[in-house]
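Step one of this worksheet: look at the structure below.
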């Protein structure tokens, strides 16, 4: 069916601008994968399975949105996973220890995350240091701060917090989502608006296209770079809050390796790691694809630990390969 | 004679780069309502002076006054906000964005805080139309040729309401028509009282548009002159510090060419250039003339295998050849010096030496490095012949001035001593002295049996060098004219305009 | 196999489907644990849905959700962490699917969320190690210098084994833990850290490693430094995997506290009972012992993992 | 060489810290016919990281990145140990393991250069699946081998010097020869600096990229053998875990840009040594595990700051008398356009 869509794309030729092709292909492949899963597994092709992918990945989605900003400028943020963990840890410890109320804790956590991002962004910009190394230091720092708070996991028992976390928003026909999904969707929409309709967003693309040109064009490149890391820090902190909703605990080992998941989601979504090209919708699809792979695995249910990994790799490979083949511009 | 107060005055500007003294005590003043030419050889410090002015590089010494007040810009953004609008030498736009965005980014029309895309596209189209360009403004900039990108950069700069407009070699790949459009706009702006700083290596253009000029040599100020009071010969003498011999048509007597080297039959590529047939003989220089976007570059790329042809075939030396990659073409000793040195030519992080021997090294493979003494000999020869400055082969190419970068690229292909050398705008941004030298070199090589396909926006240059001129229009090869005494720039222009039917 | 497992919640046809979410495959111990569960499920005629969470709690939560979705009869899992299970366990409870915890506990206040917990007591393991040490050195006058190789920072076994050990030896000031560092439960790290310990602390009497693998790595370091493991430096480890037992029998390790991965048969028994709604104890501790060098020699031939 | 000055200073500072806490830190003695001491340890345990980083340097120079090296490390060790535990032929085991690694590298290279997948994703596939493969080979267990000749690779000595160090020197020498003596280096830098321009200059960039990934995998394979041999066992689950991150860090500390282009082998070796020295320092100084990461964060931050010319400018020169040719900020005019 993907081929059918693509044929139509091809037939209409120029009517679909080349820049949208990768995202469309990714969307088509995602649908194809879902249908294939539905044929193979009983109970797979239901609405709730899709919604579960959202519910289970709301935090990743938010984190990946922040990562998209950074990658679009041609940077990278390795600190996101640790900042997520730090956020859960701070939330949990403040609510468990001194018993702070959530409406104080959550803004504080978001502030800390943004501040961390701001500092990293400032260092990247002001001292011209590669983002990889700066955010790696940030990653160590945030993770280290987690451990200094405590090495055990801390349960979150605040009634307001848990009540919110366990709220189900019922949709029609037995389907439901969690509030986190709503938050994530709002974040995606806001981010898409910012990227597409504001100067900041366009400067992000310009910076990624060519930082030097953007500078010479008189764009506020430095400010933009600081901004994207701040945004990413904010998104990570928000992702951390959503993760605390999901897990109801704070733990220093939460979200280990999440930076890689986020980067993978962004890149699978068709964004170039070199910056300047990609869409937020692609990132959403990237997260969904990763989530769907997990779902397929749990429906498969018979794989040993190592076959699980090999299978993930294979699915990823097939997906990327098809994506690449279908969206390769036919340069003869 | 009364001189109005300058809007901009730079005095005693000095700038030192590691190992290079780029500027030393340079003064410059720009008067409102005047076009001021900044002249100098390649590497004289023109672009550096501009970059110091707009805050790209901090100055080591000296002061800048704008409208009588001392200023110091931390970057182009501030300069722009202060009313200085600049087109830098290399096209500095974002190829991943659309044409419209490149023109308006940073000052997009907005409605209630959100970018008004529709209005932006409409205004961009309108603006380009005023420059007599009809392009799809929502297409990404990367899909257009360098010349068009240059026009977009100009459109961006002139749309700003500024008091100072700086144009650093804006015309280097423009043809006569576009230059005329640009000058029309410049005159209008001048009348509005804007001060314009203009850099170009085309002396005719300088004399046509400028009122006053400042000449630099080796980073030092030579002086400020009124254009009408300085003859071309005197100007060149002041720029290069010596007299320059007059340029003449380089291929005096007509020769017959009977040994075809490269024959293209109905070669074409859908969407780029219509099928064409062209034969290039040994020792022959074939020029290509045409307007911006007429497909000259596309022909060159097809003959080099940089793009795949969708129709037709090529024979090299009589044998059919599948030119599917540049390597395949190079194996048949075809070389191609591309027009866009930044995107398709140089490796900015490598040194002058490494860039020059790169193609030679590529033909030898990585297991057989070019011996060091051979490198030194080749590089030394071309650094000298082309006057590459600084004459240090271990300088990073990134840090060279635009013209010198172009020379490096040219040297890369010249040392290959190919059988067919395709030169796409080889003299882009090169100063008068070096240009003559390059033309002489090309003529010499073709006398020695090398075939040359020569593309240049400057018709005089095409005429001076070529034995035969192919004319392109709307991506079609419409005429193939022998270069005899009857062929002049005017007849060429006519052929282009009439599409060869005349 | 096309998911024929979802036979509804009624176990009427007698076949039971179990969803089992494993932590990951981070060590040989864990693999043995997985194997044991898989093999005993087969032996007990239970259909097993297995998933590997790759050390991520969120993956486990997802897996449990998907088991609920697939309407399995019973869910078992080894929690990656103790906290944060309430939400998903409530969902299971609402779907009337019983839950059994294996290997590690959860710290939920609401104990009705799971039927039972089957597993080892890491703190107790630490205590056992400590008690042996105290016993060994009860006559010693000089201070005893101990170095500790911890498991992965923050992980439950590392935290608990450290705490249990500390609790016992901390009572006597002559026991001094002179260095304590994480070896990530691996041999390579164990060796590397021990090399550094040996150089920084010339006088080490005892090594306490949170698992056999780190201990085995450390033995190599000790030998490389020209000392005799088991004699010059006494070594206590936890787990009792085959290689560890071998080293114990060879006299290179002095004492091993067992932490058995073979939970499978017990788990299947519990599962059957739970599905039939029979009552089960809230806490089932795996049968575990400790090994001295002599005991190791006799136990080694019959050691399966 | 001036570029290496700052990393060298950092390394020296780290060593000095050690000397402060452990006065015998610099002492190297002979024990049972081999060199023994903390410095030797740093080299010995750093050897696998240096190897992986060398391969990574070339990959990064082409503008790519290889996340799969950690998995390749595990696979190599696992396969070699499996073979040895089955029939004991060390040489055939080593050859087989390295052969597989080269194949895996070619696979990576094919995905990147042949199919055109972004390097980070292309190698992510092998990073995930490769770890599974390693576990498949070892069956999730630790394979212990008892082969003195295998032990030599990572734990043995030759002429009193640890064999691993010699191996690193050989690989470093070969790499330096291929890249700097032969023309591979320039071609790699050219591909990384401007891929399109390189293609138009007639460089076979596809072949070069594939070669480089294969080389990186080979280096990782040798490192895997070293790690496995050092503890005489293969741990498919943990061997090489996160080594890709350390390797990339080493490359970046060494002054090679992640954007590709110019690379510095010496810088990479220094970077890897800094990382290993830091690790050793943390162990021997007795930093508690909970604060280990904080210390690492501080050191990494310090290294990158001190390497940044802009930072040195801002911090170190501020104090000194600086001929200020720039007027103060308040004199700035803002002219409305």
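A, B, C and D are the chain letters, set down in written order, and residue numbers restart from 1 in every chain.
In this section, a contact is a pair of C-beta atoms (placed from the backbone, for glycine too) under 8 Å apart; a residue touches a chain by one contact, two chains touch by 3 or more.
Because the structure is predicted, anything quoted here is derived from the model rather than measured.
Using CA-based centroids throughout, the chain positioned farthest away from chain D is B. A comparison of the C-D and A-D interfaces places the larger number of contacting C-beta pairs at A-D. One inter-chain figure worth recording: chain A and chain C are separated by 33 Å, centre to centre, where each centre is the mean of the chain's CA atoms. In this assembly, the C-alpha centroid of chain A lies 28 Å from the C-alpha centroid of chain D.
As a whole-number value, the distance joining the C-alpha centres of chain A and chain B reads 44 Å.
With touch defined as above, residues shared between interfaces to two or more other chains in chain C number as follows: 25, 31, 34, 153. Multi-chain contact residues, meaning those touching two or more other chains, occur in chain A at positions 147, 151, 304-306, 308-309. Residues of chain B in contact with at least two other chains: 80-81.
Residues of chain B touching chain A in their complex: 56, 75-77, 79-81, 86, 88, 92-97, 101, 105-106, 108, 113-115, 138, 140, 156, 307-308, 310. Interface residues of chain A facing chain D in the complex, by the touch rule stated above, are 123, 126-130, 132-134, 136-141, 143-145, 147-148, 151, 260, 263-264, 267-268, 272-274, 304-314, 316-317, 320-321, 324, 328.
Against chain B, in their complex, chain A makes its touches with residues 17, 19, 193, 196-199, 202-203, 205-206, 208-210, 212-220, 276-277, 331-332.
Chain B meets chain D in the complex at residues 58-63, 66-67, 69-72, 78, 80-83, 160-163, 304, 306, 325-327, 330, 336, 338, 343-350, 354, 358-359, 361-370, 412.
Residues 1-6, 19, 22, 24-25, 31, 34, 38, 48-52, 54-59, 61-63, 65-67, 69-70, 80-87, 90, 107-109, 152-155, 158-159 of chain C are the ones that touch chain A when the two sit in their complex.
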